[in-house]
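Labels for the chains are A, B, C and D, by order of writing; each one numbers its residues from 1.
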Amino acid sequence: MITASIVGASGYLGGELLRLLLGHPEVEVAAAVSTRMPGRRVDTAHPNLRECTDLRFCREDQLPDTDVLLLAAPHRETMRILPRLAARAKTVIDLSGDFRLTDPARYEQFYGVPHEAPELLGEFVPGCPELYRDRLRTADRIAVPGCMATAAILALAPLAEAGLIAPDVEVDARTGSSGSGATAGPQNLHSERSGALRIFSTGGHRHEAEIAAACGVRPRMTATGVEAVRGVQVVCRTTPVREITEPEVRAAYRRRYAGEPFVRVVAHRRGTYRLPEPKILLGANYCDVGFALDPGGGRLLAIAALDNLVKGGAGAAVQSLNVRMGWPERLGLEFTGIHPV
Amino acid sequence: MITASIVGASGYLGGELLRLLLGHPEVEVAAAVSTRMPGRRVDTAHPNLRECTDLRFCREDQLPDTDVLLLAAPHRETMRILPRLAARAKTVIDLSGDFRLTDPARYEQFYGVPHEAPELLGEFVPGCPELYRDRLRTADRIAVPGCMATAAILALAPLAEAGLIAPDVEVDARTGSSGSGATAGPQNLHSERSGALRIFSTGGHRHEAEIAAACGVRPRMTATGVEAVRGVQVVCRTTPVREITEPEVRAAYRRRYAGEPFVRVVAHRRGTYRLPEPKILLGANYCDVGFALDPGGGRLLAIAALDNLVKGGAGAAVQSLNVRMGWPERLGLEFTGIHPV
Amino acid sequence: MITASIVGASGYLGGELLRLLLGHPEVEVAAAVSTRMPGRRVDTAHPNLRECTDLRFCREDQLPDTDVLLLAAPHRETMRILPRLAARAKTVIDLSGDFRLTDPARYEQFYGVPHEAPELLGEFVPGCPELYRDRLRTADRIAVPGCMATAAILALAPLAEAGLIAPDVEVDARTGSSGSGATAGPQNLHSERSGALRIFSTGGHRHEAEIAAACGVRPRMTATGVEAVRGVQVVCRTTPVREITEPEVRAAYRRRYAGEPFVRVVAHRRGTYRLPEPKILLGANYCDVGFALDPGGGRLLAIAALDNLVKGGAGAAVQSLNVRMGWPERLGLEFTGIHPV
Amino acid sequence: MITASIVGASGYLGGELLRLLLGHPEVEVAAAVSTRMPGRRVDTAHPNLRECTDLRFCREDQLPDTDVLLLAAPHRETMRILPRLAARAKTVIDLSGDFRLTDPARYEQFYGVPHEAPELLGEFVPGCPELYRDRLRTADRIAVPGCMATAAILALAPLAEAGLIAPDVEVDARTGSSGSGATAGPQNLHSERSGALRIFSTGGHRHEAEIAAACGVRPRMTATGVEAVRGVQVVCRTTPVREITEPEVRAAYRRRYAGEPFVRVVAHRRGTYRLPEPKILLGANYCDVGFALDPGGGRLLAIAALDNLVKGGAGAAVQSLNVRMGWPERLGLEFTGIHPV
């Protein structure tokens, strides 16, 4: 049994961390820091946790020493918070974007401001066990990738690692509204966001840098907000470097993800849910990946879906923690998702 | 051809007034006042009006004299705005709640503050042609009823006027998110409001006072926010004062609304849309009314549906204007609604 | 460890039974009977179960002897299926409506056909531990109540049992589309059902009989299909028989449900989720109950929300099984629900 | 004043034809043929038309001679229906896919069956006034393009005609559920289709052939069903053949669509609705087109949105009819769309 504390606990990712860790058999939640709601019960912000906990949010200065510290604070703020809190915990898992990139110049390029703790950048291992499991076993600084990045990375990794695709990749990402967080602006008003098909990025998105670093590709991403609260789907358009066949691609995916507890290869010939779709993944830690190869073989779509707050955030953090602690990787993450929903 | 100006033009009701009046063959829109967005194009706030108009929002002090002034400003503000602007127009149509009640004490009871222009309260005729058509023909102060009130009033009027029901009425109102306006708070964030079944009032709602005044009943209203942007539906539980039959009720509705251009009696025995439902009314000025009588005759449900921004607001304003000007009542309001949607 | 088999396993309730029982630490799923899809993998119908099971649907004649048999077949069919299968299992849990009522005349009144196995009617204990826990401990015939009935029963029981309310109760039920099942007709086409506020019953619904039997009230129910896949909410309008206060009502609810693992009293003065709402219950076995008392005390609303496929069906079945077997009641039902969603 | 008759009038496109033509000042609807519902009132299938018409569906053999015949029947059936009915009207407008392609071999390639009236294929002019206005002025055989094809064609035409882009184009299409029609199968059940992000085509879609023919490009299309009833959005990934600038692209679009009544160029730098989105187009005949050029200029996204049943079907038919008859092109198509919705 270890203790865990969460900073940024009143936001949506903070709420998911609480949900997962309160249900985790090896973790005791020691503190939930919120600057917006100190003193309030955590189920005020997260009504799904009613009668699961009597915990209250606390201020940062009330944070106890803890075995693992999870940060779900905003980008730019986190690079100020983390240095002053890092000593409070042996292991730090950050869910913001501030420690995902290793190169400060790259950070400034994508985030528009200089990094304020560049000396820490190199210490973090990406919280993506499918790619970095061995390093995570001993990592005490973990940075969970962005939700759309995780989907794209898991869709592309089997192809990129096998050398099957050219480096230029078009990533079409679709995402629900919860990715904008609990304090978002007027464009997230229900009347405006409901029924949206809102192309909010046509290239240069921060997650491109993470995909590039993980897969060695040159991604170009568009992102569309769709009518959903949770869920991310990516469709990656790739070009095979040589003639390949559908069974060959299928084998590459199956081989790469054999034994992975949270990646399922979904590429069926028929059926309603024959390709990855977030609808059946809400609350679950799965990333479903699939593909479609053009008959001529000239184009290969790599597709993935996940719940942005679980596998795209809090679930990946818990899975990484499980790896770090040597626990069974599915611990506390057994929920399968529901259907229909 | 007359000129019309709109105050509060950047809000949702303001946008609907613009849409309807820009398409009205007898009206020229002279000015659109917005305190939030002066100088900006109106299609910035209302993207559906792109290429329909080059109009820009102006400040209140830029408001020209105009034939008709329509106010779509918030409650409490309007009772301050209206007195200083009333002289700018021959006819004033207010869509706020500030001039719907005639008794200042009643206003204070329901709105929680004293009325600041009580001397004007008696001047206003409700903008509900189905009940006040004759008075509207000469009215120069018109107050459009609330969206849920209009639905309940049109559902109940045929029963109340015919003396068929006891005064105690339970009104169950369901409403989309646009009724909260374009500047609503955190509970209207898409992630929170999406999929809601949110009982936000269990009695004492302001619209009760309007229903009481129009129908001579004692309403008790609950209101639930449902997953929709537009649309209001009310289910009114009434008690017949004597034994009545289904054909008798049907006749009461049909007789009462014979010739009404915007009220349809919808009470079919079968079919998917056999009772009023806002889904097929989006953008249209209809209020569909229907009913269901218990086999034993002991309970009579009166049901209505409308688009809260049209028949529940801007459309009622335009219909009232048509009545006032002696124009055909359907002018500028011909849109039938779409299906499916 | 016991074995469980499911009949009607390809439907939505069947899928939830599979999800819950596959994750139940004391149960092994022996067989999943489907007349529509024998031989197909269960994850064909229930894609959320991919990589959770390799089970395939079988025909009824392939059903093995099993410790517990769960039936999720349609009404009218179940009363034919159950007699011929009952001997195959020690314990039978039925989720259809066929064995919920004890009086064959009452069944015929509400279901429109004579009961074909009336001799079995009296054997069944309702699968509602909050009301029948003691009887369930030894029950080998369990009939899970209807989803809207469960919500209304749990909302009303504390008031009815304490003798606080008059027998006449208006129940306003709102429900998602999954209650219509996986083989529903044209009115369940997405284009027609999306955005619906469809009043599909205005009295005489079958669930009325269950509410009456459980709470000793005379319910009159209206039911509205709302835009949701899962979820039921009921608003019950009751009349106190004497002057009561809000703290008194609150105490009645808290006392009645003290220690109940799956009923939460939700009746807050403020906050977005201050009354029960299904949005935060998806996938969870909770029934949230709350209330609102008129200032004058003349009307008391009893409110409840649940996930119709879980606490309103499969979850109640598993909870009843836990009671029957003497296991901890939360076993296999720990999922808290997610927020936002 | 001319007479118009509709075949396939009980479907969704048939309903939109009825809505638009019943409101058209120069058209009288003579007959509405439905094989499913002969003798029933048209407002049974299309409840939005209640009190707009007393028309009833008739059988095909009751079809009178008529000035214009509009066919909204399924693919494959239409090529049998049209030859036997063509003589009944001077002008025929077909909304199916059967007469969109001119080459029978191409038809067989994309539709999987041989064409049964190949001799008629060459007679049809595409019902897309933006590309074929002059030919439409005298056309008596008009084939309205597919909804996704229209969006892609209008997005790509300014670029393709100006020789700005390479022929290989990736088209990412997103579509609501109404495109599947009123008689669709189990995957269109609300519980399954709600919240979907369903990639149902990854290449080889029939609309590719239309885009290729209209724009001289080699399109490769993926299509995703999104949570919406109406609406299509396409994102076309193109490669500029030379260095171009954003103002140059903007000028190409503006020039190409100057004076077009139903195409709006939407490519703003900021704002919630800065790129085309179907949400604000429901019921309207607009196709909004926009674009995004990569900073480096290496990739150019062409984007379009429309209502699949209006500009993507019935509205395009009426607009084409207006052109054919020499009427003002906006006649009967003035509805601007609503916001918010």
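In this section, a contact is a pair of C-beta atoms (placed from the backbone, for glycine too) under 8 Å apart; a residue touches a chain by one contact, two chains touch by 3 or more.
Here the structure is a predicted model, which means the values were calculated and not measured.
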Shared chain contacts [subunit C and subunit D, defined touch]: A, B
Most widely separated chain from subunit C, with each centre as the mean of CA atoms: D
Winner on C-beta contact pairs when A-B is weighed against B-C: B-C
Approximate Å spacing (C-alpha centroids) for the pair subunit B, subunit C: 39
Separation of subunit A from subunit C, taking each centre as the mean of its C-alpha atoms, in whole Å: 35
Whole-Å gap between the CA centroids of subunit A and subunit B: 45
Multi-chain contact sites of subunit D, meaning residues that touch two or more partners: 12, 178, 182, 186, 191-192, 194-195, 229, 272-273, 340-341
Arrangement of touching chains [line / ring / star / complete / other]: complete
For the subunit C and subunit B complex, residues of the former touching the latter: 170, 172, 174, 186-187, 191-192, 194-199, 202-204, 220, 222, 224, 226-228, 231, 233, 235, 237, 272-273, 275, 277-279, 292, 294-295, 299, 301, 303, 305, 340-341
Partner subunit D, residues of subunit C touching it in the complex: 12, 176-178, 180, 182-184, 186, 188-195, 229
Residues of subunit A touching subunit C in the complex: 12, 15-16, 19, 22-23, 44, 46-52, 178, 182, 229-230, 264, 266, 271-273, 280-284, 288, 309, 334-341
